[in-house]
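Just below sit the structures, each encoded as structure tokens.
Next come two complexes, and both contain subunit A; in the first it sits with subunit B, in the second with subunit C.
And then the complex of A and B:
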């Protein structure tokens, strides 16, 4: 089907400005194929149904908008966690700041240095391409095409340590695309941590292939820079008896769109995706978009998203559970909630269920509320100051999402940062 | 200690007057009881004294040791020594009992310019006081009042009171929902805290609590006013005859 003329023109203009990075033949092939997908689908526009609540303009435009660089903290996220560290500064690999990429249980290479790696050649772009149905995600294809670097992680055993990818910033105007591919062999485990704002405009894909009985844990924190814009995609295929868990903390940022597309293809698997975000001011727009496909028997999925919004901040949640024919005994749970700290902020939610099996238990709920005045008074009547009481209640609101992080030390790290942010943002 | 003069209070959202000129003085070291029919304004008075939103004071004063209570924020009133044991303690999912108690104790200490309690000392103190009230350690680990039975909530109020060591304690129907043994425990908790520098205002419907906590004065509230004050025998009179005669006397 031909694209509407306006969309075709906008897409053509934008793609004409794209130069694909150099790389080995297989990579060039994958990039060209992805670019081809973009031109067929067309880039997202304000009127697209999937972008009803979030204006994609600043993510699509040829030029990125500058964003002030926040100095890097003394003690950035996850720095206390024992992990192999890989650092990108404005999307450029920083060898001096990074550890050697060797890790027991894992073989790792950078995308920009990849020669003939059969497993990666077979996988890169394929999960993204699968994820284009039934809903098109042209930005993800654009990222596959344009990504200059990233990690190709092949997990062949129990990864000895977590892999922590840190995205630092130096340049106010950097426009960055990265693409990671993670392949977990059967029965293996790995934890991948990501942190930092990454760039003025940061796009990333992560394709995760979780083979039978494997476990993938992912925790990320998207920095604190106010002006940064981000669009991220996670595509995962989840095998029999395996586990996929991903948690995202977003603080500040002008624009965030996090898409997570999960496909359960093996029986008795578990897929959990969750997130907490806190935003202050009209310049904050945060969108979590999730699509989970159950295509196997006896699987469990959970989506838990919590947003704290104040001073005109906007939060969006679009989440869909699709249970295919024969995906019996599916247990699907989805909750999205916002805590609006004033009357100016907004939460827009679109929860969806589409079920073609008869023996399933799926529930979803979405709520928007204010601080519980009775609880606030109770705390204050015990001498807890207004600000502290509000912080306590806000953290308690976020607790259900943070509980989704399996590793208590990681959860504690993020909880402390949230408490700090909340204290700074109370008036 | 607590001095209330001509206190008049309306609901903020409705054109309705609840307290119609309350006069009440509780001297230091004394225990006073308030009884009165449902809806007479007892809880409203305790909320207004502790600073809850939703009420408009249209007249009168309330002071704690000479300091104007009504001008302060709720947390300042608490730091000044006021404590209200709620008729309906609030459940706060997601906030741990211990975190809550420690935050409250240390916030009050800080507000008064005292040193904060160390984690170890705090823990020791809570454990000892919880044991006296037969509150088990598992309960303390749970979120504030979540999953507590009615009686457990009330005991938790007394634990908070014991930890915060306030000067002026208002107990709003702390006895309702307690079994006989628990009432004895709570009364023991209150009696242990009785001292020259601490006063109690005990709101109750039943004589039984007053058998354990001997009041110096009993007040009867009706329709937003104190209509009669007397000795402990007044509570016995209510127990036997109800409010009909007292109300008729007032009219």
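And then the complex of A and C:
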């Protein structure tokens, strides 16, 4: 079907500005295929159903908008964790800051150096392509095509340590695309951590293929630079009896769109995706879009998203649970909540269920409101100062999401950062 | 009783299955009166047809122009495709846009002169004889005492008669067909028509604006409590016709009215189109209850025929403390596309939406509501129960929007779905837009999280969790049924003798 003229024009303009990175033959093939998908789908526009709450213009435009660089903290996220560190500065691999890429239980290569890696050639772009139905995600295809680097992680056993990918930035105007592929063989485990602002405009894909009985843990802290814009996509295919868990903390940022597309294809699997975000000011726009497809029996999925918003910040949640015909005994849970700390902020949500099996327990809840006056009064009556009481109640609101992080030390690290942010942003 | 041949999930009791099976049986209202002579306009739609419909209703020029501009607009619009509905393309040029029983052309003097087939139709519909005379347009017919529901029946495209007009007139209430209102009360029609659902609103509403042939008009003057319930009865009879009725209800300051709407259609192999518009204006302190039992022909078990029901219903609470309550029991139609909405403009105004939607066999329903909170301290409540069986698809689609100025507003939404059999689908697509923080919005679609406080109370009284949930959910279901006026409650209860055990979000 032909695209609407305006969309066609916008897509043509954008694609004309694209230069594909160099790489081995298989990679060039995958990139061209992805670019082909973009030109068929067209780039997102405000009128698209899945962009009704978020204006994609600044993510789509050929030129990225500059964003001031915040100095890197003394004690950046996850620095206490003994993870293997891989650092990208404005999307460029920083060998000096990174550890050696060898890790017991894992084979790791950089996308930009990949030669003939059969497993990666078979996988790269395929989960992204599968995830284009039933809802198109053209920005993900664009990222597949344009990604200059990333990690190809093949997990062949129990990864000895976590892998921490840090995205630092120095340049006010960098426009970066990265693409990671993670393949977990049957029965293996790995934890991947991501942190940092990445670039003025940062796009990333992560394709995760979780084989039977494997476990993938993912914890992400998106950088606090106020002007940064990012769109990220996680595509995952989850096999029998396996576990996928992903948590994202977002602090500040002008525009964040996190898409997570999960397909459960094996029985008795578990898929959890969760997030907490805090935003202050009209420049803050944060969008979590989740699509979980249940195509197997006896699986459990959980979505827990909490947003704290103030001074005109906008929070968006679009979550969908699709239970296919025959996916009986599905247990699907979804909760999206926002705490609006003042009268100007907005919470826009679309929590969807689409169910074609009868023996399921799917539920969703969504609430939005101010801090509970009764709870606040109670704390005040016990002598807790207003500011502290507000912080306490806000943290307790966020707690359900943070509890989704299995590793307590990582959860503690992020909780401290949230407490710090709340302290700084109280009046 | 037909036996429903499905694997039933544990926890769904036999009563539920039987009730659904009964509904899936032969369509009770499915006779068609082929012998009734109909007067058709030619097939298809163009400006001539619009002019012709307007001419047949003896409309003033401003009305004709209003229609023509809607038609102009419609030609540039495309069919909306966002709903979760799979349907064949409708050829809008292959429909009759106007059909009326021939005997209506000249008013009969007594029942003897009325087309006996038309009388037969009324009898099958269960309308008392004395009212039949009025409905058939017999001059000077007087209604019985006792029965206090004023009826306006719309047969295919035209209103065939309104009962109790005189008694209503005593109270100052105007209840007549919209074509009559355009002629007799142009000032009211001009002032209100299209102000809630503008002619440009959406594809089907715009089509309706261009070609609506009749419908009902209600005006309740300030301070008047309408002495009886008002009822409209819609029936599609002719083949290949679209029924496009337009209802306009105005509740002036401090007034009250309860309005009932019922619908049936004959069995046809070909899908028939129904695209109605209902506009309700509620002024300060006024209250309107609008109840629908929609029982259009749903098509057969293989999905042949049935009504395509595309309806735009909207109430505008213009004044402070205005109140609207929509109650719907949707059991018919092959396709339902319907979102009765509330614009809560006045401060402290209230909107309520209670819905039971049952879809069976190949039926598809995409229905829900919109609550648009504009005024301060506005309240809305949505209770939706969707039940799917056979190969049906049932979607709740709703919007709750809290505007920045709608301070201290409240919304509570509860959607429950029940699936019977493994071939059907139940979907929920709520849109929630909150733009101020003093408002509270709660959306729940789970039995285990119905209302924690109520659950906690029951638990504290010694009930186990399941008992407590059953009690609370039962209470909600009752609420939908109780929201119906007596007139409809019995019929609805027969249609919805369904327990909510084992319901899922």
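One rule holds in what follows: the second predicted complex is superposed on the first by the 427 of 427 C-alpha atoms of A that agree within 3 Å, B and C clash if a C-alpha of one lies under 4 Å from a C-alpha of the other, contacts with A are read in each partner's own complex, and residues count from 1 in each chain.
Operating definition for what follows: contacts are C-beta pairs under 8 Å (C-beta built on N, C-alpha and C of every residue); 3 or more make two chains touch, one makes a residue touch a chain.
What you see is a predicted model; the values in this text were computed from it and never measured.
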Partner chain in contact with A:396 - subunit B first, subunit C second, else both or neither: first
Dominant contact partner of subunit A by residue count, subunit C or subunit B: C
Partner chain(s) touched by A:74 [first = subunit B, second = subunit C, both, neither]: neither
Which superposed partner A:388 touches (first subunit B, second subunit C, both, neither): first
First (subunit B), second (subunit C), both or neither touched by A:100: neither
Which of subunit B and subunit C A:380 touches, first, second, both or neither: first
First, second, both or neither for A:348, with subunit B first and subunit C second: second
Complex interface listing, subunit B residues touching subunit A: 50-53, 73-75, 77-79, 83-84, 86, 89-95, 99-100, 103-105, 107-108, 111, 143-144, 160, 164
Subunit A residues within the subunit C interface of the complex: 49, 53, 325-326, 328, 338, 340-370
Subunit A - residues contacting subunit B, complex: 372-375, 377-386, 388-389, 392-393, 395-397, 399-400
Contact set on subunit C toward subunit A in their complex: 9, 82, 84, 404, 407, 417, 419-449, 504-505
